[in-house]
Amino acid sequence: MASNISSGSVPHLPGMEVTELSKNTYEVYIGPAHPGSGHMRIIVEVDGDVMVRVDPDIGFVHRTMEKLAEGRDWIKNIPLFERMAILDACNITLPYVEAVERLLGTEPPDRARYLRTLLCEINRIASHLYGMGIFGVFLGHSTLYMWAFGDREVFIDLAEQMTGARLTHSYPVFGGVRRDIPDDFPENARKATKYMRNRLNEYAKIFLNNPNIRSRLENVGIMSKNLATELGIVGPNLRASGVRYDVRLNEPYEAYGDVEFEIPVFEEGDSLARAWARVEEIRQSLNIIEQAVDWLEKHPRENFMHEKFWKTAPKLYKDVFSGQIDYAGKYRVKLMPLFASLKVPPGKAFARVEAGRGEMVYYVESDGEDVPYRVRVVSPSFRNVIAFKYLMPGHRLMDLPAIYGSFDYFPPEWDR
Amino acid sequence: MVGGEKKLISIQDSLKNVLKDNIISIEQAKGYIDVLVPTDKLVDSAKKLKEFGFDHVKSVTAVDYIAKKQFKITYHISSYLNEELSKYIIGLSTIINRDDPHLPSLSKIWVSAEFQEREVYEFFGIIFDDHPDLRLLLLTPVVAALKPLRKDFVVKEESDNIEVDYAAYNATKWW
Amino acid sequence: MNVWYLIYRVIIDDIIFYPPIYQFLIIPGLIAALIVALIIIWFERKAAAFVQMRYGPREIAPKIGGAIQLVADLTRYALQEIIIPETVDVLPYLLSPIIMIILALLPLEAVPITSIRTYYPIPPDYSLLIAVALSTLSPLFIIIMSWASNNKFAVVGGVRESFIITAYELIAVLGFLSVAAMTQSFNLVQIVNLQMSGKWFGLLNPIALLVVFIAVLMSTSGFPFEIPDSESELVAGPYTEYTGLLYGLNMGGAYIKRWVFSILITIVFLGGWAPYRPTPGIITGYFIPSLIISIKALIVMAIMSFLRSVYGRYRVDQALGIAWEILIPLTLVAFGLGLAEAYFGII
Amino acid sequence: MIVVDQLTGLVVMISAAIIIGIGSYGVTSSKSLFRQLLSIEVIFNGLLVLVLSLISFDAMMATYFGIIIISVVSAEVIVVVSILVAYMRQSKSLSSEDLEEGGV
Amino acid sequence: MSKSEKGNGEEKGKVYLADLDTVAEEAKQMLMKGTIGKMVDWANAFSLWPVHLMTSCCGCEIGAAWGPRFDNERYGSLPWVSPRQTNLIIVEGTVTKKMACSVRITWDQMPYPKFAVAMGACSLDGGIFYNSYNIVRPWQVIPIDVYIPGCPPRPEAVSRAIIELQKLLRNKSIASKWITESKREDMKNIIPKEDLCGWRGEKVDLHTRFT
Amino acid sequence: MNPINLLPLFALILGVASIISAYFVIKIKDLIYASSMLAVLASIISALIALLGFGIVSAYLVLVYVGAAVMFIIIAISMVGVGSKESKEPFLGIAVGATLAVTIGIVILAGKFYNLYTYPQYITVTQAASGLLTHYLPVVALIIIAQAATLVEAISISRRGEKK
Amino acid sequence: MSIAYNPLVISANSMIIVPIVVLLLLVAVIYLLKWLLRASPEVEKTEPYKKIPFESSNPPKGVGKGKVPFQYFGYLVMFLSLEPAVVLLTFISVVPRSLISHTILLYLILVLVFAPLLAYATYESKKIKNWILD
Amino acid sequence: MPAKVALKRNPKKNPLGRVFSGNIGALAVGLKYFFDPNRITLLYPHEYIKLRQGYRGYIILIQEKCISCSSCARICPARAMKMLSVKVFDKRLKKEMVKKFPVINYNRCIFCGYCVDVCPTEALYHVPYHDLVYMNMQDMILSLEDFQKEPEDVTAKEGLPIKYIFDEKKGLVKVKYEEEKKEVVQPQQSQQQKENPQSKQVDKGGVS
């Protein structure tokens, strides 16, 4: 990393010195305490106004989750991994739970699968809205930020009603979920989806179709299909480049095999397409929510934990579930004390789901103890980081936020 | 699921066809197919797999088997462009010695492995030969010197009893 | 009685209402600009909050919607530590914000705000020319400011500012002067008098009004063109290193510039003190017209501020492109329109 | 009245002379082409005042002269700076001595 | 004057300055005792601008707290871009060893009077990462005024923290206290034992200029 | 007292200010500051010109020269990023400068050229413009065309050729 | 009217004296505040990064005075070449009504001469590759 | 397979339409919200959200129910809850004996609710509020006595309880929390209504 101006000048000339004409670059640090970044640092070398080298320097939020997981009980790792991206909590923890379920050999019951799907989609919307909001603020459009965060509250409220926490739900546990939906939830969810559909049009009007924003995004940061594949990009960014890959499509998990929805694939691969891809995905998620809610309404409230756990439950547990105990919340599934000292049979499992930002991958290895032997987490943002290095050079400095924001980054997720 | 099992078997066969005698063992793990190759044939196998259609790396995992004095490196690879292959995940793994961990880098073949190899390098101290840019990624040099994900680096767990003194909240304790 | 009356008259006539002092310091000048900046920044935050489904500043005085919020901000800035970083060039660093503000206010000295001859600050024969000329001076000091800050973000911001100057200055000059083509006069009083009939030049030559409006937005980093201090790459642009009152001055500087331009727009395009005919006397001839102009200018500024909640920001080359591909031709058209209107005697 | 005008003229012309002197000092003492350009601009400023005060008896004439000369000078600036920039691209230095050596 | 009498003849040159300093001190004391001191506290209380330093995932609740539903701008608080113009730092959760340097630099570069809020379990005692090898507690890096428990805390809790800070400011007048004393008492405890930024190993070169 | 009597005083103040700023243009090491001092110098000169009675020229000077030309120099320098070095033997410069200044001064004093200055009669903008238009129409058109020519010239000089 | 209202005095006042007085006042205020509101030297000792330049809270490297975007030099050239012509034109446009056809003639000359050249210049300026300074 | 791929393209518009309809659409939406702001803001200290029963807020111990099984401490992912040995008088066995009870450290607690869910006797429960702040870290380490008391809900004293309901047009709509109506002090309420006409207006609309 050559420092630009400080490192001396060209050989002494008679008369006047021209400082380093041969290396006309300028090193700018974007981050960590910079409005155009959070939790990370991008070292940008600009030549005039054009970026020539972009070096994402991450790890400012590296909280050593993989190591900590090796020392903690299986169930304790669910909240631990959730902290990777608390705004996408269910999607982030789900593959871990799935992987452990594979090792345990349990299959969650249907209702649990639908409940997980429901929360996953709510989280996906919330996470997309978060990303759009941040994107808006990067382009100087504070209204989009506020709108997105305001509408995100709708879905956070839904999630809160469902799980009892705004962001950190820790919702799926091995073999099931921790709560059932409250009685008025389906109605609320339908209202919320209707509201959101209308709002998306207004978003398009004030942001995506706004000529100002369009000109910032169109033909900026074009990632071709091959480049996206080569770099291993994931999620809506991948689909905005025209690759038809979505875990929900290629390897349906939970209830995604039973609900109907579309996977929007865009062809342009520029920042605008990435933004549109998110909007379209929100539309599809709304569809899924409605279907899941319909299904949940039709089916009785049972089987939200694996039978193995739930069959032997004492009466108190069922009382709590049906709301008989006044100080405790209703529809709360109590955990077995067994969870505190769960031992998982040895084996290796790999699980992937489509989280809000893309494919989330866990590799879990157990050696039969009450702690995992190794948990490898690869989060979608981490796989997207590489795009900054290869996509940004050649663009103008002002395109940095337009590209960076369009990838919907979330540094705690990639740093783990 | 029965059909799925069959397909898995067929992909195992085709993998065997592709990699031929590079394979030490091939095993159906939970959720992926573990293919073990010798270290010196890693690059070759990777090239063959890439030609076969596996176009990106999902994860580069290293596991420290301290009892056996080994590292096992697994490249979980899959495909985007080939819809048939995208249903499978192949774990291309190799086992290296723990004392002097060296490994050819695959980031020339799959660019998507570049950052992940950097990460493995800093957490395990495993050196990837001919990696284009092998620098620290997440950690500071001080922390990276500990090689934190190796099993001989142990983080302290607290007990669930309160004999741990809560009064010790002074600045000196943690610093 | 006589002595006190005399002193009173001296204070009123020769100090407060003495044109250079009154116009520079009091009504369109420093004090009014300060008040206007306070109101407008509050309005800007409030309007954005309206669009953004929230309240904006409120708890400080819930009854009036937090209108004194900016007083608190200003006080806080004024009494905050002034950090002078080691690397700056101290003298230009300290002086340039102040000089910038003074220079930004200077065009007001050339602008008559009444038709009574005794209250002209500068002989108004070519007052529009002088006002426009003076308004080109202050951006220079933003460049110096950024250079003196010796900070990468500041320097890049300063250079962007200078590019933006090249984009807007010509448009502003030509846009304002296309009115001169219509009236065959640089005399602002005459220009306002011609508008007394209700034929505001903003209506006769709307293109000129539009381009000037956009040029003002550019010159004061108004929202679609908030490029020099575009925070998502350049933190606070040229003002990154400034703390305390110095930053307050800088932040106020942009609003003061916008204020001065708004007053010029008001006088040139929106009829100045138009419905009102000044009559001799300090109150009726000087105070009231200046108030009318201030109110009109305030509305212009409010419209500019509203745009913040609708637009993001352009890229610097896009802003330059817009200026040179759309606005300059439009400005030339506006000028031609002005000439044509003069030729056909529409004025 | 006349005395006042003469006094003003004296002050202005002497100042202009000194400015021209400073400018020419700058031109000769500096090796930097940009500095020399700046010095030439200083000389221009001095000359402008001097000439304007010399032909003040014909106000019209002076005005025309001023306007035209300013336009011409700003055209000159743009060309000179462009040439400097272009020259700098090639030689990576802006010294007048280099100019001579290069035989330009 | 008393100082000059006490001092030796050698210090004559400095006597005048010392007097000026004492005059300044007294002037400050006088100013800050009265309404101006109250003004400063009031203004600071209603103009707590947090600097944009996202340390960790609590940042998304910060986003929500300044979003439309909880709208902390009602308290006059506006997230601002550069530390030079702010007076509040909200530590949003975990501070890793890599980030600690930046937190400290940000804190240093803010002008006095300035305040700090620690948000989230991670910034109190590590939260779920209590035994991680890569985190530091933010109160070891900067002096904290208000602590918010929770993981992440609700946005209301952030609002509550700002309200409590306002109360603290106006009741205990810490802002004007700084101006009169020109230092912050609790900074004494926060002298890091190791160089926070030492890991970068980069030489700070400030004085290269064009000649 | 006629305020016109204050004219020499104002002229003296402005003259001294302009001399100081001209000195700074030559002396400040940092070329950006030097060229911004040139802007200051030109502003003072324009004030001086206004004081001499040529208000139009003064406005024109500010608008075109300070607002455009000097700004151009500053931006160009800040983009090109050059430092400067002075000659090792400034005596020649001092000699030349002093000689020139003294010569001009002596010429002015000896030739009583300062008698030539009279406060010019007031001309309105319209007069000036129509005079320019009637007598100098070709010149004006030529200037406009010349400007266009410099545009092309400067663009093609300073642009780098199409090379990879 | 007193002498203060004479045009010469009033313009000298408004352009020079009042602004300079205000300038001096502001400078005095700034220096006073700087002097009053400084931190005690202890603070500078404990906060070593206080006075270094802000670089996104990184320990700074080097200084800011460097070479910055050159790619828009073309626009600059366009600006400087168009400005005198345009100002000259606008200055001329204040002629009496009878002469306005001359102005229109000049205007047309300007537009006709400049339109293609400006188009060409914008076209050239947009190719940022050609403007990189190296 | 139910999920299917839908190929899409960025919506295209001709340049003129982009300039005009785009700008006008954006401005119109902006103006619409400017004149009819759909505010969802909670005026926090004057109003507070009355959270549902079951929100994972602060945790309270019911000491009588606790059987000292340590499950809660073992499952706590943040080691915030730890067992404290105390001498208690056992009613059943009628003798004094050392028993372990959980105590909590809010410096660490991440409010995951595992401890509450795992407790076999429901000896722990959540209070549905979560907006306390502290000036001091020592205050957050609770003793056994403090752990059994509900923390003081500061906001409840200062403001009105509010509930958000969902709405098709406006997303979230603030309404007053009905059950608490009687307990609210009257003058505060009227003052509140004066300050916030919108919430009043919403009240009339009522809960659907």
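For the reader, a short list of remarks on this structure follows.
Each chain carries a letter (A, B, C, D, E, F, G and H) given by its place in the written order, and its residues are counted from 1.
Criterion: contacts are C-beta pairs under 8 Å (C-beta built on N, C-alpha and C of every residue); 3 or more make two chains touch, one makes a residue touch a chain.
Only a predicted model underlies this, so the values are computations on that prediction, with no experimental measurement involved.
With steps allowed only between chains in touch, the distance from chain F over to chain H comes to 2. Using CA-based centroids throughout, the chain positioned farthest away from chain H is D. The mean-CA centres of chain B and chain F are about 70 angstrom from one another, to the nearest whole unit.
Centroids of chain D and chain E (each the mean of its C-alpha atoms) stand 53 Å apart. Separating the CA-averaged centres of chain E and chain F is a span of 50 Å.
Shared contact sites, meaning residues of chain G that touch two or more other chains, fall at 11, 15, 37-39, 50, 52-58, 61-63, 65-73, 76-85, 87-89, 91, 93-96, 103, 110, 118, 125, 128, 131-134. Multi-chain contact residues of chain E (touching two or more other chains) are listed as 53, 67-69, 71, 74, 81-84, 98, 102, 105-106, 109, 112, 125, 128, 130-134, 139, 151, 154, 179, 190, 205-208, 210-211.
Shared interface positions of chain F, defined as residues touching 2 or more other chains, are 4, 7, 30, 56, 60, 63-64, 67-70, 72, 75-76, 78-85, 125-126, 132, 143, 147, 150-151, 154-155, 158, 160.
Interface residues of chain H facing chain E in the complex, by the touch rule stated above, are 39-45, 48-49, 77-80, 105-112, 130-137, 140, 154-155, 172. Listing the residues of chain B that touch chain A in their complex gives 29-32, 34, 55-59, 61, 63-64, 74, 76, 80-81, 83, 86-87, 89, 91, 110-116, 123, 136-140, 148-149, 151, 153-155, 157.
By the touch rule above, chain C contacts chain F in their complex via residues 89, 92, 123, 125-126, 129-130, 132-134, 136-137, 139-140, 143-144, 147, 155, 158-159, 162-163, 165-166, 169, 173, 184-186. Every residue of chain C that touches chain H in the complex is listed here, in rising order: 47, 49-55, 58-59, 62-63, 306, 309-311. Residues of chain F that touch chain C in their complex: 30, 32-33, 36, 39, 43, 55-56, 59-60, 62-63, 66-68, 70-71, 74-75, 78-79, 124-126.
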